[in-house]
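What follows is a set of structures for review.
Each of the next two complexes has chain A plus one more chain, namely chain B in the first and chain C in the second.
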Partner chain A sequence: MPKISVKIDDKDLEVEVGTTVLDVCRANDIDIPTMCHLKGLVDVGACRLCLVEVEGTSKLLPSCTTKVQANQVIHTQTDKLKKYRRMITELFFAERNHVCSVCIANGNCELQDLGYKVGMENVRFPYLFQNCEVDSSHSKFVMDHNRCIMCTRCVRVCSDVEGAHNWGIMNRGYQVRIIADFNVPWGDSTTCTYCGKCVDVCPTGALWNKDATQGSMQKYPQAVSDLVEKREMKS
Partner chain B sequence: MSLLDIDERILDVAALADIVKCPLVDGKEFPQVDIALVEGSVTSDEHWHEIQDIRAKSKVLIAFGDCAVTANVTGMRNYFSKDEVFNRSYRDAQSNDGQGQPPDHFTLLKLHDKVVPLHEVVPIDFYIPGCPPEADTIFYVLAEFLNGRIPNLEQERKLKYG
Partner chain C sequence: MNRHDLKTISEQMKTKHGQFKQKVCVCCGAGCLSSGSEAVLKKLQEEVKLKGKENEIEVVPSGCMGPCNKGPLVKVNPGQTIYQQVEGEKVSVIVDEHLIADRPIEKMVLFSDTREKPFINSQEDPFYKKQHKIVLADCGDVNPESLEDYVFYGGYQALDKVLFQMSSEDVIAEIKHSRLRGRGGAGFPTGIKWETVYKYVADQKYVICNGDEGDPGAFMDRSVLEGNPHRVLEGMAIAGYAVGASKGYVYIRGEYPLAIKRFELAIKQAKKIGLLGANILGSAFSFDVEIRIGAGAFVCGEETALIASIEGQRGTPRPRPPFPAESGLWGKPTLINNVETFSSIVPIIACSGEWYSEIGTTKSSGTKVFALAGKINISGLIEVPMGTSLREIIFDIGGGIPGDKAFKAAQTGGPSGGCIPAEHLDTKVDYESLVALGSIMGSGGLIVMDETSDMVDVARFFMEFCMDESCGKCVPCRVGTKMMFDLLTKICQRKALPMDLERLEELAVFVKETSLCGLGMSAPNPLLSTLRYFRNEYEDYVNKSQALAGTR
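So, the complex of A and B:
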């Protein structure tokens, strides 16, 4: 693979052509927060947390879907980016109902960890307090839309890794929802294979095992990343 | 009352500050204070007036715990209308006999339609999230303020929700 040079946060780096900015940063101990990114899944740039500044363009670019170009100068930790990362985090919390104290993922939640990382001591936007559904029709799992941040990891793992295509997306804006099949209760889905990969990759308490209680749910997104890596090695 | 979770360290706090008002020292008007820790969200006209009064009389107002910071569990009634909540509690719940009526007496506080965290009503100077907040965090914040320093929960890795 041909190599190109880029400069990220004053570090001069030699990287392979075709690498994303996020992968370069992760390989060089440059910390960029993410929610929708998961190694092994196709990146979609949904959460906007990984935005970076690239000199020469006025737009902020999502580092997960932006491939490095030769001689680029990239900044990942500016005050502007930190301000936006905190705002995005607050908007996640304000849009739906993340009541940590009664959540099954309390203490094992990537959204909580994100809040701590960006220093969110309170949410400055008014909470929407949407009345979101809890779909407990499935025999093994529960989908709680109150905790969903629309990272779409579940949609991607179901279609790209499991190949079942159970999960989809309906509506836009704050009314956007994850749906099973053509918007049927999850328990009535004809495509779900009960594999549980969506539950493992979900970063919050939106998808969980039915036997979980407050604070007891552990997620294993790494299991899916490892699975994808093993398949790639085999082929 | 999570303040009591700091156990014997309350003596260290008492050495630096007079505790002049708390749910156990009741019945007096809210005095002028340097630091006020306020638990709970604003759910009614009574709370609304109370937090205005506390704000006016406090130099540093601290939102104390998830209910004060985010509305937390108390805000879960916001998904429904006030009438739905009242009817569910007093008339329609399975444990009721169906004859109950929501109470309506002029001496009772008037619930607002929506529960809001404190900072949506008055300016807040500092937030201690957590349900309940960690005892160490409570003591750290008080010790910093009482020694003339500004605490920083992010830097100290003491942020916690839930």
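So, the complex of A and C:
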């Protein structure tokens, strides 16, 4: 692969053509928060946490979907970006009901970690207080829409890795919801294979094992990333 | 069908039209249809027949004539006399007096209710005089359901010229020379877009016509699709030839059944005689067009969402790059342009890029169609050269504000645009000038507001629209529009505190900068522009809430 030079946060780097800005940063110890991104899944650029500033471009660009170009000068830690990352986090918390103290993922939650990372001390924006459903119709898992941040990792892992296409998306705007099949209770799904990959990749306490209790639910998104990597090596 | 046959059709139509002494066009655009023009058309045809004049007087349906709130409109040629609000008895009066006795009826012509001295020749009226019709040139004269009529007006000559006298590079050079910019909103140079698609090497490329037109108050594309569908089709075929695409899609919103029907008919007619399909006019070029019907989501007008929708996926945008020119429909290089953009292609090829580039301003050439609505005397469809001032559009053409009220603001660009106050009425309208004022050209909706309009409520209305239409994919737009709407509601209910106004502004800038697609990026515009020009109204509300809070 031919190499190109880029400058990220004052570091001069030689990188392979076709690499995303995020991958370059991760390989060089530059920390960019992400939520919708998961190694092994197709990137969608939805959470906007990974936005960076590229000199010569007026728009902020998502590092997960943007490929580096020769001689780019990129900034990943400006005051503006830090402020926006904190605001995005605040919006996540205000959108639905994230009551960590009673959540099965308490202590093992990517959203909670994000809050600490971006220095969110309180939420300054009005809570939406949406009244979301909890779907416990499945024999093995539970879906609590109150904790869902619409990262769509579950949708992508189910269709692209498992090939089952159980999860989909319904409605628009702040009323979007993850749905099983054509909006049936998860337990009535005819496509779910009970594999549990969606539960493993879900960053929050939205998807969990039925036997989990407060703070006990561990997630393994890495397992899916590893699986995809092994498959790619084989083919 | 070959080139010779095209000439034959044109000759035949000349002979056919030549038999008639008069041609009566009844506007069958959506506006006039809704006020009953179809019945007027029937009645006119019957009356003419009853008087035994059917071999002298031709009565045909046509597309939009412009002043939609005066419909049903009937135009008599020669003489370009337009009659307004034609219904009931008026039909017989027109037949007896004007058509047979040759005495135009002044008290029934267009604007006879508002002008002291109305014009028998409609084109002398200020409403038409300041307009320059290129896109809408034949709209209102040509029968939108007849390919032969379109050919009579010079139709498919540009396609013929392109296929037999020009290379792809020539066509692109001509479009570049015209300096035409995309009419879908952002104003991207069309020639450069065509060239980019042309340069990608691929086994298959596509051309897409964007007829989604979801802005509230906008009906330009609809009128073009309904009034002169073959013009759009011909423009698409020329584009296909230029970029090397053999397949086109027209994406029309489901709320436009008439546009869909007329476009379907146009495709069928063109296919039947070989103006679409394999080896068009005997050349090596093949091109086919299919319609896709949208389900009315505003976001599906955004190009990547529209492409997803055609592919049968959920209509949500994806990050660009890659742009559709590189990877569009089914991953293939795709040219996507707006209806009005495609409608401007035929005149550019027929006249020249040079001619087109001399109309308008240095940075924005040509003409723009606007849909006038709101507190304005004449609402409807107009086309003016770029660089016409807002004052000319609203007061000279649109006849000013009803009821002696004062003008307050003009809203351009719909939910993605902003409100322009009276002190900027003399701004010459083009892409750059509107952006400088905190608005955008958008697709051409222009809503006029008078002194009674509450600007905070206006901002709230558009925010509600964006909140409802947000696709929900990215967080800033999904949550931010809802929060901004809630805060605006709080302000209107006089419950807001100064802190709320601060939060609102902070959110607006944040959503604009961080959203994934143009919907979120521009959703704060109506809010930001009213804050810029009418901040006092926001502050009044907040101050009142504080006063109220003291008494609560």
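Assume the second predicted complex is superposed on the first by the 235 of 235 C-alpha atoms of A that agree within 3 Å, B and C clash if a C-alpha of one lies under 4 Å from a C-alpha of the other, contacts with A are read in each partner's own complex, and residues count from 1 in each chain.
Operating definition for what follows: a contact is a pair of C-beta atoms (placed from the backbone, for glycine too) under 8 Å apart; a residue touches a chain by one contact, two chains touch by 3 or more.
Not measured: the values here are computed from a predicted model.
**Student:** So in the superposed three-chain picture, is A:122 touching just chain B, just chain C, both, or none of them (first/second/both/neither)?
**Tutor:** In the superposed model, A:122 contacts chain B only, not chain C.
**Student:** In the superposed arrangement, does chain B or chain C reach more residues of chain A?
**Tutor:** C
**Student:** State whether A:131 touches chain B only (first), chain C only (second), both chains, or neither.
**Tutor:** A:131 contacts chain B only, not chain C.
**Student:** Thinking of the overlay built on chain A, is A:92 touched by chain B (first), by chain C (second), by both, or by neither?
**Tutor:** In the superposition, A:92 touches chain C alone.
**Student:** Is A:112 in contact with chain B, with chain C, with both, or with neither (first, second, both, neither)?
**Tutor:** So A:112 only meets chain B here.
**Student:** Between chain B (first) and chain C (second), which does A:62 come into contact with in this model arrangement: first, second, both, or neither?
**Tutor:** A:62 contacts chain C only, not chain B.
**Student:** First (chain B), second (chain C), both or neither: which does A:100 touch?
**Tutor:** First partner only.
**Student:** Share the list of chain A residues that count as touching for chain B in one structure and for chain C in the other.
**Tutor:** The answer is residues 124, 126 of chain A.
**Student:** Help me check something: in the complex, which residues belonging to chain A touch chain B?
**Tutor:** Going by the criterion above, the answer is residues 93, 97, 99-103, 106-107, 112, 115-116, 119-124, 126-127, 129-132, 215.
**Student:** Which chain A residues qualify as touching chain C in the complex?
**Tutor:** Residues 44-48, 51, 59-62, 65-67, 84, 87-88, 91-92, 94-95, 124-126, 128, 149-150, 168-169, 171-176 of chain A touch chain C in their complex.
**Student:** Under the touch definition given earlier, write down the residues of chain B that touch chain A in their complex.
**Tutor:** Of all residues in chain B, those touching chain A are 63, 66, 69-73, 75-76, 78-80, 114, 116-117, 119-120, 124, 127, 129, 131, 153-154, 157, 159-162.
**Student:** So in the complex, the part of chain C that touches chain A is made up of which residues?
**Tutor:** Listed in rising order, the residues are 297, 299, 314, 318-319, 321, 467-476, 478-483, 486-487, 503, 506-507, 510, 513-516.
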